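In what comes next, subunit A is part of two complexes: it sits with subunit B in the first one and with subunit C in the second one.
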Partner chain A sequence: MNKNIALYAAILIFGLAAPFVFPAFKVQLSILCILIVLATTWNIQGGEMGYNTFGNILFYGLGMYLCASVQVGMFFPLAEWTESGGEKTFVHTPAQFFQGMAAGLVVAAVVPTIVAGLIGYAILGLRGHYFAICTLGLGVAAGEISGGIEIIGAGQGFTTPPFPNIGSLEARGEFFYFLSFGVLILTFLAVRAIYSTRFKLILNAIRDNEDKAEAMGIETMKYKIIGWMVSAFFCGLAGGIMGGLVGYIDSTDVAFDGREMGVFMVLMAILGGKGTLWGPVIGATLFHIFKEGFWTFFLGWQYVALGVLIVVIVIYFPEGLMGWLREKYPERFGEVVDEADRKAQVELK
Partner chain B sequence: MKLSKLFLSFISAIAILFSTSVVSFAKVVGDKIVLGAAISLTGKYSSNGVHTQNGYNMAVDRINSMGGIKVGGKTYKFEIIYYDDESNPKRAAQLAERLISQDGVEFMLGPYSSGLTKAIAPVTEKYGVPMVEANGASRSLFTKGYKYLFAVLAPANLYLDVAIETAVELNGGKPVKIAQAFEQDAFSQDVRLGILDAAERTGSKIIIDDKLPKELNDMAATLVKVKQMKPDVLVVSGHTKGALTAIRQIAEMKVDVPMLAMTHCDAAKLSKQHGKNSQYALCASQWHKTLTYKDDFFKDGMTYAADFEKEFGYDPPYQSAESSAALLVFKDAFERANSFDKKKVRDALAATNMQTFYGNIKFAEGGQNVDKPMVLFQVMCDDAGKCENKVVAPLKWASAKLIHPIPKWSER
Partner chain C sequence: MDFMVFQYPMITVQACLDGILLGILFALIAYGMALQWGVMNIINIAQGDLVILGGYIAYFMYLYGIHPAWGVIVSPFIMYFVGVGIYKLVINKVVDRDLFISILATFGISILFMQLMNFAFGADVVLANSGYGTTFLFDNAVVLPNSKIFSAFISIIFAICLVIYMKKSKLGRAIRATAQNARAAKILGVDTEKVYAATFGINAALCGVAGALISITFTIHPYMGLPYTIRSFMIVIVAGLGNLPGVAMSGMGLGVFEEFADYLLGTEFRIGSVFLLLVLILVYRRFKLSRKREYLK
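Then we have the complex of A and B:
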C-alpha cells in the first residue's frame, strides 16, 4: 500500500508540475489527459465487460456540443451565435465564460449519462459483433444528424466561446490543462473505486459467461447499463473540455469523430492491455507519444507508421503491455505461481 | 515495489523525451524568416492541400532567388515549417498551437479550406500572430472581428451569385428555377448563402436544396430529382470531390440542365479528368491565368502558369495562385513594416494595397480582400476533344462567349 501511495504521489506531482516544466506542451498534455479518460472508460465495456463498443464517441460528441451550447446559450441567443455567416459578435465576460463552462460541463456529463441509460436499455441485449456494429452505427448517425442541425452550426461548424483575456497568454492552456487533469484524476479514482467492488466481478462474470452469470441470479442487464452510464458520464466531460480546448466543433471531424477518437480509444486500451486498471493509462500515454513523434518525423506518413506500430502490437503484444508484463512477471501482479503447473501448461500448448 | 519503480522510470523517460524534443526555431533565424503552415497532406482535402503547398513553395523559391526580403538594411529569406493537419480541424488547431508555442513561429500562412482556417484563427488571434491565408473564404471568418487574419481571396458567398444573375439575364430578366446541392462544410454552406441572396434579389425560386455528405462520392439522389423537376440552373459545390462526382454522375445519368454552375473545377482538373463530359460546366474561380494583372516576381498569369507547369507538371489551379500571392503579401508587409515586430507587421498587412499577378490586394476591416472580383470560366472543348477553361465573365476579361443553354446529351 505504501508503495502505491508513493507512486500516486509521484504521478500527482508530475501532473501538477508538468505545465510549468514543459510550458510549450500544455495542449498535448491536456489532450493526453482526455485520451486517458477515453481509454479508461472504454475499458469498462471493452475490457472488463467484454462488450466492444464503438459507441462511446457518441457521448463524447454529445458532451462537446452540449457544453458549448450551454456556455453560449446561457448568455446569448444560440441561433444567432451559430448562424452561418452571422454578422454579430458576442463576447463573454470572464465571469460568464467560467460560469457557462461550469454549467456546460455539468450538462455535458449528465445528459450523455441519461442517453446511455436509454440507449443501453435498447441495445445492450445485443451481444458480440452485433453490439459492436450497432454502436458503430450510433456514432456515424450522430455525426450525420448533428451536421444537419442549424442551431448548432450544422455544416458550418460551431466556434466555441474564446477564452477571455485574463492573465497571461498561458492562462488558457493552464486552465484547460488543469481541467482535463482534474477530470482524469476523477475518472481514475472513480474507476479504481468501482474496480475494487463486487461490481467489477459482475462485469467480469458477464465477460466470461453471461448466461452463467444470469443463471446465478445476477441481473446482468442492470449492471451492463450502469457500466455504460459510468463511461458516458466521463466521456461527456472529456468531450466538453475538448470542445473548449479545440475552439471549433465540426460534426464529423471533431465531435463524433468515430474514425479517429472512436478508434483510438479502443487501440489505446488494447495497446496498454484491456481489462486492467493501468493498461489504458499506459496505452494512451505511449500511443500519444508515438503519434506525436510520427507526426513530426514522418510527415505525411504518420498513419503508415502508426499502422506498422499497431501490427507490431497485435503480433507481439496481443494482450497489451500489461498483459505481456503479467505473463512475464506474474508474481508482481500478486499471482501465486506454481512452477510445475506452469510447465504443465507450457507442455499442453 | 518493482512495478512502481517501473512506472517511475517510465514517467521520467517521458519527461526526458519531452524536454529534449523542444527544438527551438525562432521567428527569424540568421537570415531566415520562418513561417508556419498546417497543410492537408492527407485526408479529404489532400489534393487541394498539395496545390496550396506547391503555391507556397513556388513563391518562396521565387522570392528567395530574386533577392529575398529586405528588412532593416539586411536581406532575409523565407522558410516554411509544414505540418500535416490531416484535413481535420481539431488537428489544425493543435498544430497552430504547436507551431506558435513550440516552434516559436510568429508569422503564419493559412491552411486549405474554410473549416480549418476557422479552427486556426482563434489560436493565431490569441497569440497575436499575423496570418495571411489564401484558402479560407467563408464569410463567417470575416465577421468575427479577427485582427490578425488576412485573406487574399474574395469571400465564398460571392463565388456563384454571378452565375445566378447571368442565368436571370439570359432568361430575359425573368426569375429562374434553381436546383442546388452543397457539401456540409463551412465553405460550401457559404456559397449556398450567396445563392440564397442572389435568388432573393432576382426573385428566383429554389426548387431543390440538398445537402451532400463530406466524403462525397455519390449524388445520384439529387440528380434524379433534377431530371424530374427540370430546373434552369444546377449549382453544386463540394470542393474537388464534389466537382468530380457531379460531372461523373451527370454524364452517366445523362442529366440535361441548361446551366451547370460549380466550384473547384480547375483544382479537380476537370477538363483533363473527364474531357468532353465536363464541357459547358460553369465554374467560379478566384483567378485565371489569362487575367491581365502583373507583378515583378511572376510577371503575369500566363508566365506564372508556364513556370508552375514546368516545376510541378500541371496547370496551376487558383488555389496555387492565391497561395503564391500570400507570400508576396507577406514580403511586401515585412518590407514596409521594416521590422519583425508582430504588431507592426500586422499594421503593415492591414495597410496593404498592391497588385500581384493574381490580382489586386487590399484588405477590408474584417480581413477579406475587397479589391479582387471573382471570375467565371466555362469548360470548352474543340472537336478533337481537347478541353480548356475560358473566362466568360466578367466581360472585361472574357476570352469567350458563354454557351447557353447547354446542349442536350442526345444532341452532343
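Then we have the complex of A and C:
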C-alpha cells in the first residue's frame, strides 16, 4: 500500500510540474490526459463489461458541441456566431469565457449522461458484434447529421471562443492542461473507486456469461446502463475540453471522429491491456508517444501506419501489455500459481 | 421539398426506379458480405474499401482510353488476387477468433486502404464517363441514365452466374460444405484453408465488379467506403444469411429508402439516414426478440 501511495504522489507531482518543466509540450500533455480519460472509460465497456463499443465517440462529440454552444450561447446569439465563422464580431471578456466554460462543461457532462441513459436500454440489449456495429453506426450517423445542422455550423465547422487575453501568453496552455489533468485525476479516482466495489464484479459477470449473471438474479440491464452513463459522463467532459483546446469543431473530423478518436480509444485500451485499471493509462501513453513520433517524422503516412498498427496489435497482441505481464509474472497480479502445475506444463511443452 | 413527392407523382416514380437500380448494386456487395460472413464467420469492415478500389481500377482504364465498362471484366480479376492476398496476410489469423477481433482488424485494413488510395489516386471525387446517354420515360418526366440500367443488368448477370457456380462447381460445393460445418468438411477432405482464401477472393471480386459499376454510374472517392460496408451489413442482417432473394429484395428496399431520404431530408442527410436506419433496424430487432427473451446472435 505504501508503495502505491508513493507511486500516486510521484505521478501527481509529475503531473503538476509537467507544464513548467516541459512548456513546449503543454498541448501534447493535455491531449494525452484526454486520451487516457477516453481509454479508461472505454475500458469500462470493452474491458470490464465485454461490450466492445465504437459509440463512446458519440458522447465525446456531443460534449464538444454542447460545451462550445453553451459557452457562446450564454452571451451571444449562437446562429450569428457560427455564421460569422470565427470572425471576431463577438469577443468574450475573461469573466464571460470562464463562466461559459464552466457552465458548458457541466452541460457537456450531464447531457451525454442522460443520452446514454435514454438510448442505453435500446442499444445495450444488443450483444457481441451487433452491438459493435450498431454503435459504430450511431457514431457515424451523429457525425453526418450534425454536419447538416445549420446552427452549429453545419459543414463549415464551429469556431470555439478564443481564449481571452489575461496577460500571460502561457495562460491558455496552462489553463487547458490543468483542466484536462483535473478531469484525468477525477476519472481515474472515480474508476478506481468503482473497480473496488461489487459493481465491477457484476460487470465482469456480464462479460463472462450474461445469461448466467441474469439467472443469478443480477439486473444486468441496469448495471450495463449505469456503466455506460459513467463512461458518457467522462467522455462528455473530455470532449468539452478538447473542443476548447482544438479551437475548432468539425462534425466528422474533430467531434464525431469515429475513424480516428473512436478507434484510438479502442486501440489504446487493447494496447495497454483491457480489463485492467492501469492498462488503458499505459496504453494511451505509449500510443500517444508513438503517434506523435510518427505524425511528426512521417507526415502523410500516419494513417497507413495507424492501419498497420491496428492490424498488428489486434492479431499479435490482443491481450495487451498488462495481459502479457500477467502471463509472465502471475504472482505480481495476486494470482495463486501452483508450482507443480507449472512444472507439469513446462514438461508438456 | 417534402411536398414535391406528393405533388409530382413522377418524382416518386423517378425515386423508386433510381432506388431499385441502385439497390441491385447494393445487393451484389451484400451478397459478398453474406458469403464471407456465412463461410468464415468474419465481418469485413473493409468491404466498402474493396468496392472503391475496384472502382479505381475501372477509372484508371478510363483514364488510359479504354472504355470503363471493360472494368467489369478486369477489375474482378485483379480484386480476386487482392482478396486472396489480404486473406493470406491478415484474415487467416482472425478466422477462428472472436468476431470483434475481425471487425477491428478489418477496420485497420480499411483505414490502410483508404489512405493508400488517397495517396495513389488523390482526394478528388471522380467518375468514369461511359458515354451511354440517357433514357427518357413518361414524356421526359423520368430520366434514367443508361449506365444505371447497364450496371443493374450486369450485376444481375454476375449474381446469377455466381449462384450457378456455387450450386454446380466443385469449389462451390466445398464452400457450401465449409459454411455448414467447417470441421466436418475438413474431415471429409476439404482443404478449408483454400476454401476460405477462395471465398475471400470471390467476395473481393464481387466488390470489384460492383466498384467498377459504381465508378461508371455514380462517383468514387477514397473515403466513401464505410457507407457501402454499412449498407451491405444492413442488407445481410435484414435478409439473413444464405437468403438470396431476401438479399436482393432488401437491397432494392434500401436503395428506394435512400432515394426518398435524399428527396425528403436533403442530400446532406443521405449517409446519416443510412447509418441511422441501421441503428433503428437493430434496435427494432432487439425489442422484437426480447419479448421472447432472446437476443440477436
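In this text, the second predicted complex is superposed on the first by the 324 of 349 C-alpha atoms of A that agree within 3 Å, B and C clash if a C-alpha of one lies under 4 Å from a C-alpha of the other, contacts with A are read in each partner's own complex, and residues count from 1 in each chain.
By definition in this document, contacts are C-beta pairs under 8 Å (C-beta built on N, C-alpha and C of every residue); 3 or more make two chains touch, one makes a residue touch a chain.
Predicted model only: the values in this text are computed from it and were never measured.
**Q** Applying the document's definition of touch, where does A:Val246 land relative to subunit B and subunit C: first, second, both, or neither?
**A** The answer is first: A:Val246 touches subunit B but not subunit C.
**Q** A:Val311 contacts which: subunit B (first), subunit C (second), both, neither?
**A** In the superposed model, A:Val311 contacts subunit C only, not subunit B.
**Q** First (subunit B), second (subunit C), both or neither: which does A:Gly148 touch?
**A** both
**Q** After the superposition on A, what does A:Tyr130 contact: first (subunit B), second (subunit C), both or neither?
**A** Only subunit C; A:Tyr130 stays clear of subunit B.
**Q** For A:Thr285, select first, second, both or neither according to whether it touches subunit B, subunit C, the two together, or no partner.
**A** In the superposition, A:Thr285 touches subunit B alone.
**Q** State whether A:Ala193 touches subunit B only (first), subunit C only (second), both chains, or neither.
**A** In the superposition, A:Ala193 touches no partner, neither subunit B nor subunit C.
**Q** A:Tyr303 contacts which: subunit B (first), subunit C (second), both, neither?
**A** both
**Q** Subunit B or subunit C: which reaches more residues on subunit A?
**A** B
**Q** Identify the overlap between the subunit B-contacting and the subunit C-contacting residues of subunit A.
**A** In subunit A, residues 144, 147-148, 154-155, 300, 303 are touched by subunit B and also by subunit C.
**Q** Which part of subunit B faces subunit A closely enough to touch in the complex?
**A** Of all residues in subunit B, those touching subunit A are 1-4, 7-8, 10-11, 14-15, 17-19, 21-22, 41-42, 82-84, 87-90, 93-94, 97-98, 101-102, 115, 118-119, 122-123, 125-127, 138-140, 143-145, 157, 182-186, 188-190, 193, 211, 213-214.
**Q** Hey, which residues of subunit A end up touching subunit B in the complex?
**A** These residues of subunit A touch subunit B: 3-4, 6-7, 10-11, 14, 21-28, 31, 84-89, 144, 147-148, 154-157, 159, 162-163, 169, 172-173, 242, 246-248, 250-254, 257, 260, 282, 285, 289, 293, 295-296, 299-300, 302-303, 329, 332-333.
**Q** Across the complex, what residues on subunit A touch subunit C?
**A** 52, 122-123, 125-130, 132-134, 136-138, 140-141, 143-145, 147-148, 154-155, 259, 263, 266, 270, 300-301, 303-304, 306-311, 314-315, 318
**Q** Mind pulling up the subunit C residues that touch subunit A in the complex?
**A** Residues 43, 90, 93-94, 97, 99-101, 103-105, 107-116, 118-119, 226, 230, 233, 237, 266, 268-269, 271-273, 275-276, 278-279, 282-283, 286-287, 290, 295-297 of subunit C touch subunit A in their complex.
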